[in-house]
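As structure tokens, the structure follows; a few thoughts come after it.
In order of appearance the chains are A, B, C, D and E, and numbering begins at 1 in each one.
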Amino acid sequence: MGVQLNEVSLSYPGTGLVIDRLSARIEDGEFIAVLGASGCGKSSLLNLIAGLLAPTEGWLDVPDDGAAFMFQDSNLLPWLSAGRNVELALKLAGHPKDTRQARVDQLLELVQLGHAVHKKPHELSGGMRQRVALARALAQDRQVLLMDEPFAALDAITRDLLHEELRSLWEQTGKTIIFVTHNVREAIRLSGRILVLSSHPGRILETRRITEDLRRNPAQSAALADELTTILRKEQRKHERTDAN
Amino acid sequence: MSALTQTRAAAALRPAAVLRRRGRADAVIAPLITLVVLVSLWQIAAWASPLREDLFPGPAAVAAKLPELLADGTLLSAVGTSLFRALSGFAIAVLVATPAALLLAHLPLLRKGLGPLVSAMQVLPSIAWVPAAIILFGLSDATIYTVLLLGAIPSIINGLLSGIDMIPAQYSALSRVLGASRRQHIVHVELPAALPGYVAGLRQGWAFAWRSLMAAELIAVGGSLALGVGSLLQRGRDLADLPLVMLVILVILLVGVLIELLCFAPLERKLLRDRGMTRTGENHG
Amino acid sequence: PAPAKNAGTAADQGPAATLRLGYFANATHAPALVADAKGILDKAVGADGTTLETQIFNAGPAAIEALNSGAIDAAYLGPSPALNSYLSSGGTSLRIIAGAASGGASLVVSKDITEVSQLAGTELATPQYGGTQDVALRSFLKERGLDESVTVTPSSNGTVPQLFARGSIDGAWLPEPHASLLVKQYGAHRLVNEAQLWPEGKFPTTVLVASQEFITKHPDTVRELVQANAQAINWLNTTGEQQKLHTVQQALAAHGGGTLSDEVISAALDQISFDETPLSGTFDTLVAHAAAVGIGEPGSTQGLVDDSFAAGEGK
Amino acid sequence: MSALTQTRAAAALRPAAVLRRRGRADAVIAPLITLVVLVSLWQIAAWASPLREDLFPGPAAVAAKLPELLADGTLLSAVGTSLFRALSGFAIAVLVATPAALLLAHLPLLRKGLGPLVSAMQVLPSIAWVPAAIILFGLSDATIYTVLLLGAIPSIINGLLSGIDMIPAQYSALSRVLGASRRQHIVHVELPAALPGYVAGLRQGWAFAWRSLMAAELIAVGGSLALGVGSLLQRGRDLADLPLVMLVILVILLVGVLIELLCFAPLERKLLRDRGMTRTGENHG
Amino acid sequence: MGVQLNEVSLSYPGTGLVIDRLSARIEDGEFIAVLGASGCGKSSLLNLIAGLLAPTEGWLDVPDDGAAFMFQDSNLLPWLSAGRNVELALKLAGHPKDTRQARVDQLLELVQLGHAVHKKPHELSGGMRQRVALARALAQDRQVLLMDEPFAALDAITRDLLHEELRSLWEQTGKTIIFVTHNVREAIRLSGRILVLSSHPGRILETRRITEDLRRNPAQSAALADELTTILRKEQRKHERTDAN
């Protein structure tokens, strides 16, 4: 039950073509990182997979029960406390009432927010909101998990902690995880495969498999990080040149 | 660097319980002061005005009318009757209008077809319904409720619709992602998100309900239908009894102020506070 | 230009520059309709250089309010709004300067009620709480000991036919043309003609009033108005049935009131008599009736009627 | 994996010009269809109903009334008069209510003192103002406008106030940071941010304006005051001329639908589209 | 015209003490980075300096004309296009009408968004919105510039570019810049002094000066980064222990 994209294109009325005949096959249980310049279409791609946007052309195949999605902005419901926001996801996923509170507490503990269950979103800091959103995405408990820059607003320490949690969750549950990040190192550290998107329009520029060996080897990781950064930089340069024309 | 900066900062939003408590006291005292000021102005105007006293009765003349109306219980029972009709009618209107608005919001074609009609029905004066209601229901409370409901329902529908329209698209996306059924989306996301706009619509709906009721109560001034405030107002006009007219106006205003202070204002304040907003316009400078 | 607290200090200022007259587009206001439509009024006041402005009202209260505010100087009205205004202003607001119509109010009931005694347990409507017909019905019932067993429902002229048609009420005490409308189109019949209850069968239906300030300032104009009223009434009383109907219907249509059928209007005109005497004697009785049924305060109608102008008409 | 998923995706919001164009056509066709359906239902009910024809006139009887009223120009001139009064009065009401609402929003004490009164004035029936207005202004258009304004202004004030209340606090913070003066804050941030709520308030204000006008037009039917739609309606009621009443109701509805379709709906649609929202309830499934 | 905080405390009704008797003196023209765990009170501190919150105790001194502020969420006005959002800042800062358009174009070019002048915020990607907010903060042209995680949503390449721009802007204008970041390396790369905040309640845990020499020396920089990370990690541990009690 992976995800398959076949010659998928997407254009917005004002913007034009954003994703151009993109094809990809993501196996069941894969952990995929998506890299790309700001505005290249990463969030749009996740929206397509989540079924929130329909492709202008092409087709895609996702599991019947959809995908859990952690949005780029935390998108918490402002009238619900942190705990209730997470609980809503559990409720809509069909969890019985009596087990929900315990699960909410557990999930918020996981993201280091056990003390903030009763806080409303406007009483939380930016990073805390993002963590509540993360807890909510985990509460959905779907086979496919889409995450849009899940750790962008977090400090290094909390981020490290959550990296570990996410890895072990993936190992235990065998979920298919697709996450967008701007942090090349983060991508190498977490994922099994990295997709690099080009911009204007978005296509797959590069695909890299990350083996356990490579991950464990600091020198090799650093080399790959440099390489990916160079690819991204080259892509950006190309655009500056085309823009100047 | 200057002291000015500090005063600016001190005037900023201070998240302290003290302020909130002072605010509560103000909410009672300020309307009272307004009342005293308005009554004084009125008395002064009545003294200074060159108009005959029966054309511009002062507060004293109006107050003099009060014991008489209180003595025979007319006023209290009229207020009681009207208030009961208005509140129960309003409750029914809310119960009818809410699902209707949801239907319109979720069936685009229905909305395109009926939406303009609903807005148009809002502008139809209540008395327009009276002949039809009488033919259908005769001189019964049903007639009065019909006129009231036809006045209030379109307004509440429109209030809720515009509340729903203003819901950020991201909440709908969230609902989809969480796998909410349509019913769940409505209950857990759409209604709470639209609530502030909805309450604004309810306040207008209440005004429409009350005004339509006044119009409906002109149908019959007693007899088989209980006497309401609207009938009393008309009676004042019929008998060229301006003190009575004024008294009824004051009573209606009083009821309006009380409903606002006891229901809508606290409701709205709670809703906004829940969402981290304030109501009193203290948010800037 | 609302009237001052102590109106009437100004003395006679000769003919007014304009005379602003209000009336209803209604069969009981036929003298006004005719006087206006046939130019009788124009001619009468125009002789002194007074221009005429007319104003059509829907109901008594608004006309009284307009008179009180000085927006109009004189008006054709039912006696009860005139009386109410006179009493509530302590006798300073207006005076009745002439009569216009009398008679033309009846208790019309459904076909199965043929005797007054059968009224017990019924529900009867009147056009307006405390209005002329309302008081008439209540005192009629009281005198016959029916006031406990009959429900009186003040509604409005326009609502009564619908109530009657669906059987919500058993009858109504109505002025013309509403009584005739019920008879001709809704299958009611006349049980009591109010005329039977009054000496000589005369009671006021429409009177001509003017504000006291205007009477004091422009007695000449008032006199001309009263004369025009008398001429119009004379015309109504001497003209053939058909022409009368035609003229009235046309005048009604011109003011938008002409949607009733000829049949109804002609029946209504039959019921009304047009009479320029103000029937001064009846007003105390009206007040007494009202007080007896608990509507309004008893008050003195002394000075309400000013028939000095009507008297001068004899020349 | 299944085809079902694909249909779900296809049903999702598609940002395509095609959809929008189809939407425009719908917006005209749907109300027309509604009209045809309603008229048919009405005709069937009239045939089937055991009521006499003058008590429940069918479309044919009402249509038969039309030529007569059109012929002497009564209807058109009445609609023209009322529409002119309503539109000009509404414009004045907006011009008065907007600064008033801003004052109330920015002076917390004033709002506490007068806010409940404004809400209470909304519930006061328009005819309550008639005696006072006539005594002050006589039988002039001023009287009619007074009644209309007192009906519409409180409602627009409340609409704008609740629009302002719902402005996220972060916009006010932004204003402060950008160093906006109070006037600049109002013009550049507060008013545009409150606009969707404000337009909802305007729609209700328009309804109040029109209904108050109808009440005001009952004062006089002719003479120095031009005949309006309200007078025509009252005339129909007085003479138990139900076809006339129905005709006037239809005319009022028509005016209401046209104002909605030509003014409010496009305005609201533009506002929402500017903010990346949609109006038609298409946002969920 | 620096910024001075004197025994400043802040508490929120529901949360309690967030900043506890914090004193600091920031000289005119300094470039300060603020580090700290998620939820420790960094945004609250900037709000205090900007005058958006009043301290519960203590006092602070800021220049008369206030400070430019780039919020943690981009906080763009949704009814204005990207260009108009920036223009509004210029207008409110008193720039004459005829020069505004040119300046808007220049600022949006600076943040690589020359092509998106006419886009409404809802048509922009997350990183693009953040860059518009950055352009707007620069448009305000105040002596003090407060930035709350200005580069969090940006890819590495764009971030590098904007780092350079920000440095050169600071060198040219001598502004006082206070910026919050979660990226220790970013702090070292840009700032002249780093403040590390503790959490619950927020106090200044550490202050480090960054010299040009240290910045140029990769080994020394890396060492400092490690050291700061260790400090942050220790602080976090302490809390875990207190929480467990």
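Everything below uses one rule, namely that a contact is a pair of C-beta atoms (placed from the backbone, for glycine too) under 8 Å apart; a residue touches a chain by one contact, two chains touch by 3 or more.
Keep in mind the model is a prediction, meaning the values are calculated, not measured.
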item: Least step count from subunit D to subunit E, where 1 means the two chains touch; value: 1
item: Mutual neighbours - chains that touch subunit C and subunit D alike; value: B
item: Pair exhibiting more inter-chain C-beta contacts, A-B or B-C; value: B-C
item: Chain centre separation (subunit A, subunit C; CA means) in Å; value: 84
item: Gap in Å, rounded to a whole number, between the CA centres of subunit D and subunit A; value: 46
item: Distance between the centres, which are taken as Cα means, of subunit C and subunit B, whole angstrom; value: 39
item: Multi-partner residues of subunit E (each touching 2 or more other chains); value: 12, 51-52, 66, 73, 122-123
item: Junction residues of subunit D - those touching two or more other chains; value: 12-13, 55, 130-131, 135, 169, 176, 234, 237, 240, 276
item: Sites on subunit C at which at least two other chains make contact; value: 2, 61, 65, 68-69, 156, 158-159, 162, 165-166
item: Complex contacts: residues of subunit B adjacent to subunit A; value: 170-171, 173-174, 176-180, 184, 188-189, 192-193, 195, 271, 274-276
item: Sites on subunit A touched by subunit B in the complex; value: 47, 50-52, 65-69, 71, 73, 75, 77-80, 88-89, 91-93, 120-123, 140
item: Subunit E-touching residues of subunit A, taken from the complex the two chains share; value: 12, 14-15, 35-39, 42-43, 72-73, 114-115, 119, 123-128, 131, 148-149, 152-159, 182-184, 229, 232-233, 236, 243
item: Subunit C contact footprint on subunit D (complex, rising order); value: 52, 54-55, 72, 74, 130-131, 134-140, 218-225, 227, 231-232, 234-241, 244
item: In the complex, subunit D residues that touch subunit B; value: 12-13, 26-27, 30-31, 33-34, 51, 55-56, 104-109, 111-117, 119-128, 130-131, 135, 155, 158-159, 162-169, 172, 175-176, 182, 185, 190, 196-197, 199-201, 203-204, 206-208, 210-211, 214-215, 230, 233-234, 237, 240, 242, 245, 248-249, 252-257, 259-261, 264-265, 268, 272, 276-285
